[in-house]
Amino acid sequence: MPDVTFGELMPFLMFAVLTPLLFSGLPVAFILGGVALLFWAVAVLFAGENPASFFLVVSRIFGGVVSKTVLVAIPMFVFMGTMLEKSGIARDLLATLQKMTHRVPGGLALSVTLLGVILAATTGIIGASVVMMTLMALPVMLEHRYDGTLATGTIAASGTLGILLPPSIMLVVMADLLGISTGALFMAAIVPGLMLAGLYMAYIAMRVSMAPHLAPQMSKSAADDQSLGTGDIFKSLAPPTILILVVLGSIFGGIATPTEASGVGAAGALILAAIRGKLTRATMQDVVETTALTSAMLFGLFVGATAFSYVFALLGGHDSLIAMIEASGVGSWGILAALMLTTFLLGFFFDWIEITLIILPVFAPVIAGLDFAGHVPAGAPTLVWFAVLMAVNLQTSFLTPPFGFALFYMKGAAPDGLSLSTIYKGIFPFVLLQLAGLVTLLIWPDLALWLTRDAG
Amino acid sequence: MAILLNIARILETPVIWIGSRAAWLSVILMAVIVFDVTLRHWFVVGSTQLQELEWHLHGALFLLCLGWAYIRGAHVRIELLSDRWSARRRAWVELAGCTLFLLPYVTMLLIYGGDYVAISFAYEEASASPTGLTNRWIIKGVMILGVALLGLAGTARFLEAIVYLTGTAETAGKTRFAAAQRTISSRT
Amino acid sequence: GQQPETDSVPKQPEEADTPVTWRLSSTYPSTLLIIGTMGKRVTEKIHSLSGERIDLAFYEPGVLAPPFETFDAVSYGAIEAGWSTSGYWAGKEPALQLFSSVPFGPAAPEYLAWYDHGGGRALFERIYHRHNIHGIICGLSPPEASGWFKREITGIEDFQGLKIRFFGLGGKVLEKVGAAPQLIAGGEIYQALELGTIDASEYAMPAVDYRMGLHEVAKHYYLPGWHQQSTFFELIINLDAWNGLSPHQQSLIEAACSANIREGLSEGEALQTEAMSKIAAAGVTIHTWSPEILQSLETAWMQVADELAEDDATFAEVWASLQAFRETYRGWFDRGYLRRSVRD
């Protein structure tokens, strides 16, 4: 190990200070901003950092958070989810699904996973889909005496599929940074995304059949009591189905961008609630407040996190990481392994955009030149395969504690009394499933590449 | 002590007043998006200004609610350990958190943010798109206003913590720390 | 008399200079062909020419400053330098757009002639100095394409109601002829074009466009890029930081930028040919605008330019300077160069 100076350790010290403070019970957003300021001040006082550099924290909040058009989708999907929940539409839907699948162990959890896949096809904004599913599905699952860890794990994992399944902002950014075709990368991500959804469902089914108390089935008599007429099924399934068709239809019909489709969905939910006579002044007030407070919670995190990652970069964190990867990688597989491990570890603390900005521009030429001796054909497909590996890896960054955004989104939207430790325990098996998926893709690159071959 | 508590309530008043009204911006945002989509698809009208208005509204929505969300306890906390702490200990931690993290961070954002808005105002900054909105300083000003409201909420919480930790049982009982304590006791 | 004997070797100029370590925030990723690679290259060139004593650490967009925040950050002194194009700063100073590219404006040699010898540079530096920035033209790229269209455009009336993603002055021109310019987030262009949410999108020059993959979703590619016949790229430096350099360091950076302009242009010209054949091979129809359409667009542009000049005195001043230069230059250009039609 070469000599490491204190200055080189500084960026990593940020994590050492952050982690215990996260557990102080103070708002995470404030801790992030505060720790960033602390390290910046130390750098100004002892390392000659330019005092004007804090200006960029303000710039980053404006240029990287406030003026980002795609982030508009977050409050709109939150509005849509809250409206569906408060108006009872989501409750009826899930109750019907529960009854329809009452013979299938864990039927509700499996339905929720499918809902995650559908939402994933509308957006790549994790905050939106996790919050929306938490608001809609978590109370119902808990009411049906689902185990808290199974319920939260299912929602968090399937809610993050949106970053992997197209359309996905992350894939577009990666394609741009790697200089590969967006279309090819979209195609390449479909099978791995569906494979993960399949893994989740297989796991849920297996887990529930081994431990039925995790997802209590309705007793036979209860199910018979509440046997469903076709009318009931229609009444509860039709509104959300129409809504999904409207949202997806507006995107795929070329009427709205995915961002705008969120607004269309919110308006649709409002109209549905009105048609069902549930749109009282109290409901409206409730929906508007929940939307505003949840958005403030999410964006409070962004405002803190942007300061943290900025100071990390100012202190030379990026350069140190790149030096470490370059030092550890031996041969093509060595470099790939080092990149995958670094991505996974960075995922504990950073979100995907920071990680891709650290790794991709610097290593894109390196990766393009790597030779996986017949494992994948040389050239462009290597980059596509690599991008998919990165994408699956980055999806775990939303789930891994202490700093998994999906976990915070969920905690912020979950009913009071649901503890973060339940969520941590809940996502653990799903993170293992993700890693299993990652290894599968490492072994069989064709899972990602065969659809692109037809396209190209 | 009662005076500190009164000051805290006064500081919170604009935060709650503005936050609870800004919350309705989500409805306006929704209307603007639907209008924009309709206009483009069925009437084919250029709408750069509407598209910019969308993120302006969204920015105002979450920025003006940051402080209100703190008062309403909406900001995410990791309470794995703190759940087991006494209310006094949690009040101490909150006091320290406001003093060491929240208020310094807010102060710095206000200092540098003031310059940021002043530059935008002085040079009559407009959208980078020639077909976009003018008067960029307004949304930048809203950003600073939002941070200032968060600062007011933080100061109020800071004062409340002092009252709770040093005040009489009666005044301490009126703070949010006491209210939070009652919720936890009823839960367990 | 005799020279006093001395054992000290005269110092090399670079050894007399204080070493400089600056942060440079780029508005383009270093991997983006020509537009981004030029920025990365000039930092490397300055580093080596200075004997590693001027270090402009290149930061990818967003790592320090979000792209559109680079101007403020350099002006304020939060970072010392930036790599961008002046067209980005239309909201700060409308006149700066004329130092990026001009619709129906000059191609590279004429643009450089105006900048170096027609008064462009003095105006450019004066505008930037007002914002506490020193601007250096430090890169030049060949003409861009007019972009990707889902349907063929046969006359100017086809622009009526065309939903097109277009940035900058060209967007203003298209608005004049009835198009509906859209502001689609970079990440959503591909899909918006694929699904018909928009009908067309401008992007960059063929070599960059091909890598974006837009040929997969729109099959009509239009040239020439009337809105962007050549593009200046700039190195912007905080004025206080610039004034702190020795004259030697300043001229070294200027020389590196001159070399960078040459390389950007030669690389840019060379890379388009292969990209053009790849685009054609991908089943795209490559169109040339008809003279009538170009004529209508140019008329619209003249109206836009007049309006902008009316609104902003600095814009008017730069526009007048450029127009005056072009007027006299025409006497040379028309006679000095072989016309395309003669060679065809």
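The first chain written gets the first letter, and so on, giving A, B and C; residue counts start at 1 in each chain.
Convention: contacts are C-beta pairs under 8 Å (C-beta built on N, C-alpha and C of every residue); 3 or more make two chains touch, one makes a residue touch a chain.
Quick caveat, the model's predicted, so the values are computed rather than measured.
Participant: Where centres are the averaged C-alpha coordinates, which chain has the largest centre distance to subunit A?
Facilitator: Relative to subunit A, the chain whose C-alpha centre sits farthest away is C.
Participant: So which chain ends up closest to the centre of the protein, judged by Cα positions averaged per chain?
Facilitator: Located nearest the centre of all protein C-alpha atoms is chain A.
Participant: What's the distance between the Cα centroids of subunit A and subunit B, rounded to whole Å?
Facilitator: That gives a centre separation of 24 Å.
Participant: Quick check: how many Å separate the C-alpha centres of subunit B and subunit C?
Facilitator: 40
Participant: Could you please state the distance in Å, as a whole number, between where the Cα atoms of subunit A are centred and where those of subunit C are centred?
Facilitator: Distance between chain centres: 37 Å.
Participant: Where in subunit A do residues touch at least two different other chains?
Facilitator: Within subunit A, the residues that touch at least two other chains are 54-55, 59, 62, 67-69, 255-256.
Participant: Enumerate the residues of subunit C that touch no fewer than two other chains.
Facilitator: Expected reply: 68, 72, 76, 183.
Participant: Pull out every residue in subunit B that's touching 2 or more other chains.
Facilitator: Touching at least two other chains: 51, 115-116.
Participant: Under the stated contact criterion, what part of subunit C meets subunit B in this complex?
Facilitator: 68, 72, 75-76, 88-94, 97, 131, 161, 163, 167-169, 171-172, 175, 179-183, 308
Participant: Which positions of subunit B touch subunit C when the two form their complex?
Facilitator: 40, 44-48, 51-52, 115-116, 119, 123, 125-132, 136
Participant: State the interface residues of subunit A toward subunit B in the complex, per the touch definition above.
Facilitator: 22-31, 33-38, 54-55, 57-59, 61-62, 66-69, 71-72, 75-76, 79, 250, 255-256, 260, 262-264, 266-267, 270, 288-289, 291-301, 303, 307, 402, 408, 411-412, 417, 419-421
Participant: Which of the residues in subunit A end up touching subunit C in this complex?
Facilitator: Residue list for subunit A touching subunit C: 50, 52-56, 59-60, 62-64, 67-70, 167, 169, 172-173, 175-184, 251-259, 310, 313-314, 318, 353, 357-358, 360-361, 364-365, 455.
Participant: Would you mind writing out the residues of subunit C in touch with subunit A in their complex?
Facilitator: 29-33, 59-60, 62-69, 72-73, 76-79, 183-188, 190-192, 194-197, 211-213, 216-217
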